[in-house]
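What follows is a group of structures, each given as structure tokens.
What follows is chain A paired twice: with chain B in the first complex and chain C in the second.
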Partner chain A sequence: MNFVPLLRSELTKLLSVRRWLVALAAMALLTIGFGLLSSAGSSTDANEQASYMVGPSGRAVNDQLYLVHGPVAGDATVTARVVRQRASHPDAQAGLMVRERMASGSRYVSIALTPGHGVRFDSNFGEHVRHAGGDAPQWLRLRRHGPEFRGEASADGRTWREVGHADLPGAGRDLQFGLFVNSPQRLEITRTAGGTGVTGFPTLGRATFAGVRLAPAGAGAVREWRGQDIPPVLPGPSKDPRLAGKDVEAVPPAKRGVSGSSAGAVAATGGSFTLTGSGDIGPAEGPDDSVQASLFGTMFGLMALASVAVLFATSEYKRHLVRTTFAATPRRRPVLAAKAAVLAGTTFALGLVTSVAAYFASRPTIRSSGFTLPAYAPTSIGQPAVLRAIVGNAVLLVAFALLGLGLGVILRRSSAAIALVFALAVVPLFAGAAIPPVSKWLMWLTPAGGFAIERAKPPSAELAEPWSQINPWLGLGIACAYAAVALGGAAWLLERRDA
Partner chain B sequence: MSPAIELHGVRKTYGRTVAVDDLSFAVRPGEVTGFVGPNGSGKSTTMRVVLGLDRPDAGTALVGGRPYRTLDRPLLELGALLDAGAVHPGRRARDHLRWIAQSQGLATRRVDEVLEQVGLASVARRRAGDLSLGMSQRLGLAAALLGDPPTLMLDEPVNGLDPEGIGWIRDLLRGFAAEGRAVLLSSHLMSELEGMADHLVVIGRGRLIADTTVDELIAGASQAAVEVRTARKAEAMTALARTRGVTVAAVDHDLVTVTGLGGEEVAEVLTAAGVPFSELRRHRASLEAAYMELTRGHGDVTAAPVGAAGPGGDGAA
Partner chain C sequence: MSVGVPAVVRAERTKLWTLAGARWLLAGAVAAQVAVGAAVAASVEEARAPDPVRSSLAGVWVAQVAVVVLGVLAVSSEYETPQIRVTLAAVPRRVAVLAAKAATVAALVAGAAALGTAGSLVAGRLVLSGNGIGLPLAAGSTARAAAGTVCYLALVALLALGIGTLVRDAAVAIVVTLSVLFLFPLLGLVVSDPAWQHRLHRYAPMDAGLAVQATRRLGDLPVGPWAGVGILAAYAAACLLTGGAVFQARDA
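Entry: the complex of A and B
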């Protein structure tokens, strides 16, 4: 049987009931409207109570480490062997660094060993992060050639592999070369009904370096290197209670980083150096996600969409319309497939336009709420993560629409099917926020976890929103799996039941 | 040429209720077949089985020699009207026909043609839920006619129609049959089929009671009955009843029906008894009377519970 006539026929059905078109328009308006409300309701004072450094790109960064360094002129190579490293934190670093200045926020290139993630190459706070396998003892090498820097690692000091490379355009002749150690804070997150509390505990990194060499001869002298904390030490620990509502509550980013770094130290014995140090290097933007705030209205728009999706199925049963349908097209699974395709296509198109509109409509509000440089980098629709959130949000709406369609066919009753979609898609969000211990499980077990796709930032346990805890692709996958199971059940029942 | 619709030993149960039991009949081209039985006797169930909507527990139903579910563009083979209310009330009449036409790959022009044919062109943009009962029936007919099919199957199509509408349907279906097409038309009232059907399939409690032509049925019921009109009714009845095996019934104040005697014998008896009569003629039963005659002895002809001989409910409409 030709599938195209079925598609045309189902599309005509979907678009020829005025009430459904009104509901679809309501979905768009609710999504955009609540997105605006959410953007206006979430504000941040991170820029007024700055507790971060500003990096070379003008963004908030952490720049905390203990550095044993000295000036080096022109092209040079520094080599060292990390003999051992304390497992103070999975992201603790012990390695080599070249910096322009000693002040916080200076440009740099680094290669370091970590206890949890092998060898890490980085420049300028996350610009060129590369990872490679490896653990202690590990040879590390950082080579300068003009503005170009290469980070290499070796297990034996003879065979080297490049981990990463980066440029510092316009770097002067004299740069600071050195050994560094740091170790980020350990965070303890307590979830309470409607909020989270984050407490940071400093950890102290410690590593021993041997065989530190600087080439060529005359570039500098390792024995003249001096140890220094970057930045000067503040007392800690910090208590950072976050009284977040269920909507986006912005918090000052990176408070945990600056305070609580403890004084580093160096001990040189023979040719080896043992360094201790605390802190973190990298972007210091908070986990609050302004893109997610723009798309927050989706869960309200979803209710209008779910009713259309469910009715697209149940209206067939209410007055035995399905008999007319199956008399015209007796092969039932293709009919369901056509319904699903038409609903999915319409929902995706409308969902995409709505998401883009919600994103742009809320930008001015987002900016006036304090989500600006340096604390928060501006977002643009061209960024892969933002694009993922917007397109993913349309896909999420498709998943919920298909879930509604499948449940409508299975239950054949509008009220029951709409209630079930609501119970699966939205109730877990509120239940998760109200009952912290189960929130993550709810996101894993229900399609509500799909809202994770609306975030353009990595998952974070620090926020009150339940969906921010799980991986966006995982959450979207769970929602799609629910839709697939509902449609599969519907297809199975359709063939077995009398129409 | 294979029958337009044929059923072979169809049985359909719903839970404990037998709706249709071992039903076999055929609908032939060129005639209107009336499908008659009381409410709940299994007519609609049979039609749903023909359309592949309900799956029979036993037996097969074929349309043009093939199971309905295997047809690629079924509305071009069989146009059916089961339930005129099976529309979305919020969809315009024309849109309702448009999606059906699209599902068969038919041009939208065809929608406007059938709207014209059934006389709904002026209300085409009205929502289906706002149509009167008669208009809904016409809309259902329009859907059945969309594919210009060789066979029509209509369940109680005159329900809710005014006399003018009934006449219109009668002419439509007679014309359809005259073109050599087949029509299966159900009704619970035999009188509705008078002058419309050529052939009759009568069912009760889901079982076949008769599969015959209208003429045969009436002839059978009229057999050997003679009507006598006389002013001296009592005397006539006494004289006639004297003969063995004769039944006499008073029909009117001056009319009696006699069975068991031929016309000439009746005249002889009355003349011998000296009873005058003004009119003597062969009785011709009405279709309704023939139907009553036929179903007499079948008792309750609605659906019966499985294994129970007692009175059944009308569970399977």
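Entry: the complex of A and C
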């Protein structure tokens, strides 16, 4: 039998129940409305605590390091071997840097060794981050050719591999070349019921460089380089904009020593330099996600959608329509497939329109809540991460709709199926927020983790929302897997039992 | 002819007890309360021990889903069949019918909740002692948390019964009740304005009603233990009264 008439008949069933249409409209309105509400409530005062630096793109950045440097005119290459590096923090850096100015927030290109993530190439606070494997001892090389910079690494100083390259358009003739060391704060995150507390402990990076060379010969003398902290005084932990608005506890005075103005130091012995330094380089934007705030209403809209999805299956049993349906189409699985296709298509279309509308509707509220430059970069629908969140949100709704349909067929009772969808989709969120030790596991094991796809920023353990801890694709995958299992179970049962 | 109150209550008890799935729901609520409570208690580490009593009683989050379904079905099931007409023909005083339903549902759920709560505390004590953490069963605060949990589940059942009476349709009533319970506390997570957060935790029925489970740092609670139960009771009463008024006014 042809599949198209089946699709048409299922679509007719879905669209001919007025209450379901009302519920679908309610889904859209709840999603947009609660998105607006959560955007209005998610205020941030990060911009009022403007104690941070502003980078070249106008965004808030961290620019903290100890640099031993000197001016170099024109094209040049600096080479050094990182002999050893203290494992003060997985992202501590020890390497080479070229920067335009010594002031904080200046443009730069750097290549550095890290204790936890190999060799890291970067420019202008996260513009061109590239990673390559490697650990100490490691040769590093940074070459300038006009506005173009190449970072290379080598295990033996003979065979070099490029880690990354970047341009500083319009860079002047004189740039500062140097060696640098830093080490970010160790963040201690305590999850409590309904909130998180973030405490930052400064760490002190330490690394020894040997074989520091500057080429060509006329470029300058390394022994004339001078050490300097950037910025001259490191901000204390409570001024870190990443922690703005959070429950920040005071750093114990005993541990505060390294954040003082004399954090960095250099000692030169027989051609090798040992640098100590503290701080972090990179974007300083907080983990709060304004895209997530816009889409938060999905959780409310979901409830209306889930009831339609469940009833789409169970109402057939309630009114014995299912006997007519199966009399007309004795092969039952195609009926289920048609139901699933119609429900998925409708949900995806409506979900996508709703997500886009929720995103745009909440933009003005988001801006007036304080999510503006420099503390928060504006988002736009063209950014891949924002598109992923919006389209992913529509896919998440499809997954929950199909989960509801599958459970409806399996259980045949709307009350039980709806309660089960709710128990799977929402209860873990609440339990995860309230019981910190299990929150990550709950997100990995239940479809509630799918809400991770609503975030446009990388996963973060600093937020109270349990789903913000896990990878967005993983979360969406788990939700889809639940839907697939429910539909598979429904298809299996449908053939085996009486209608 | 007028039917006495004991007869009405007996009739409601028989209907509820013979409802398809009622016993399963009650058994499920007890099992979920004990099992989830024990699992959460097992995750408590000594170093940063949260409230051991509250952790052991955490199963209430899952158990209340079953309780909500039962509370709604107690009334909506009558509308799925012409049963409601029979009921109202026998007992024309509708307030009496609803009151008898409320008393029956509350009593049944409270019984199951008492079982589940006692089981959770015993299981929690066993699990926690394995981690070297004590759970004082005889302490006054433990008794308050236990009694409060039983009250909480009974009130949730009444809230569900009220909403069920109001909307009659099981699916809609379950979705509405669960949303009221669960989604407002979640909104509190995303809203970062402290004043709004406090308001949400104080007036959301679940957060307010479960404050009674806390035995430590009572000063940090958004609302006092019994005052929170009072807030939940106010929601339940409002829903039951509205449901009752509509039930009285409309056609069966």
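By our rule, the second predicted complex is superposed on the first by the 468 of 499 C-alpha atoms of A that agree within 3 Å, B and C clash if a C-alpha of one lies under 4 Å from a C-alpha of the other, contacts with A are read in each partner's own complex, and residues count from 1 in each chain.
As a convention for this text, a residue touches a chain if its C-beta (ideal position, glycine included) is under 8 Å from a C-beta of that chain, and two chains touch if they have at least 3 such contacts.
Because the structure is a prediction, the values reported are computed rather than measured.
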item	value
Touched partner set for A:9, first chain B, second chain C, both or neither	first
Partner chain(s) touched by A:330 [first = chain B, second = chain C, both, neither]	first
First, second, both or neither for A:438, with chain B first and chain C second	second
Touching partner for A:190 - first (chain B), second (chain C), both, neither	second
Touching partner for A:38 - first (chain B), second (chain C), both, neither	second
Superposed model, chain A: greater residue contact from chain B or chain C	C
Residues of chain B touching chain A in the complex	48, 51-55, 68-72, 74-75, 80, 82-83, 85-92, 95-96, 98-100, 102-105, 143
Chain C residues within the chain A interface of the complex	21, 36, 39-40, 43-45, 48, 50, 55, 58, 61-62, 65-66, 68-69, 72-73, 76, 80, 170-172, 174-175, 178-179, 182-183, 185-193, 196, 201, 206
Chain C partner contacts - residues on chain A that touch it in the complex	34, 37-38, 41-44, 190, 192-194, 245, 288, 292-293, 296, 299-300, 303-304, 306-307, 310-311, 314, 318, 413-416, 418-419, 422-423, 426-427, 429-431, 433-438, 464-465
Of chain A, residues touching chain B in the complex	1-2, 5-6, 8-10, 12-13, 16-20, 315, 319-321, 323-324, 326-331, 498-499
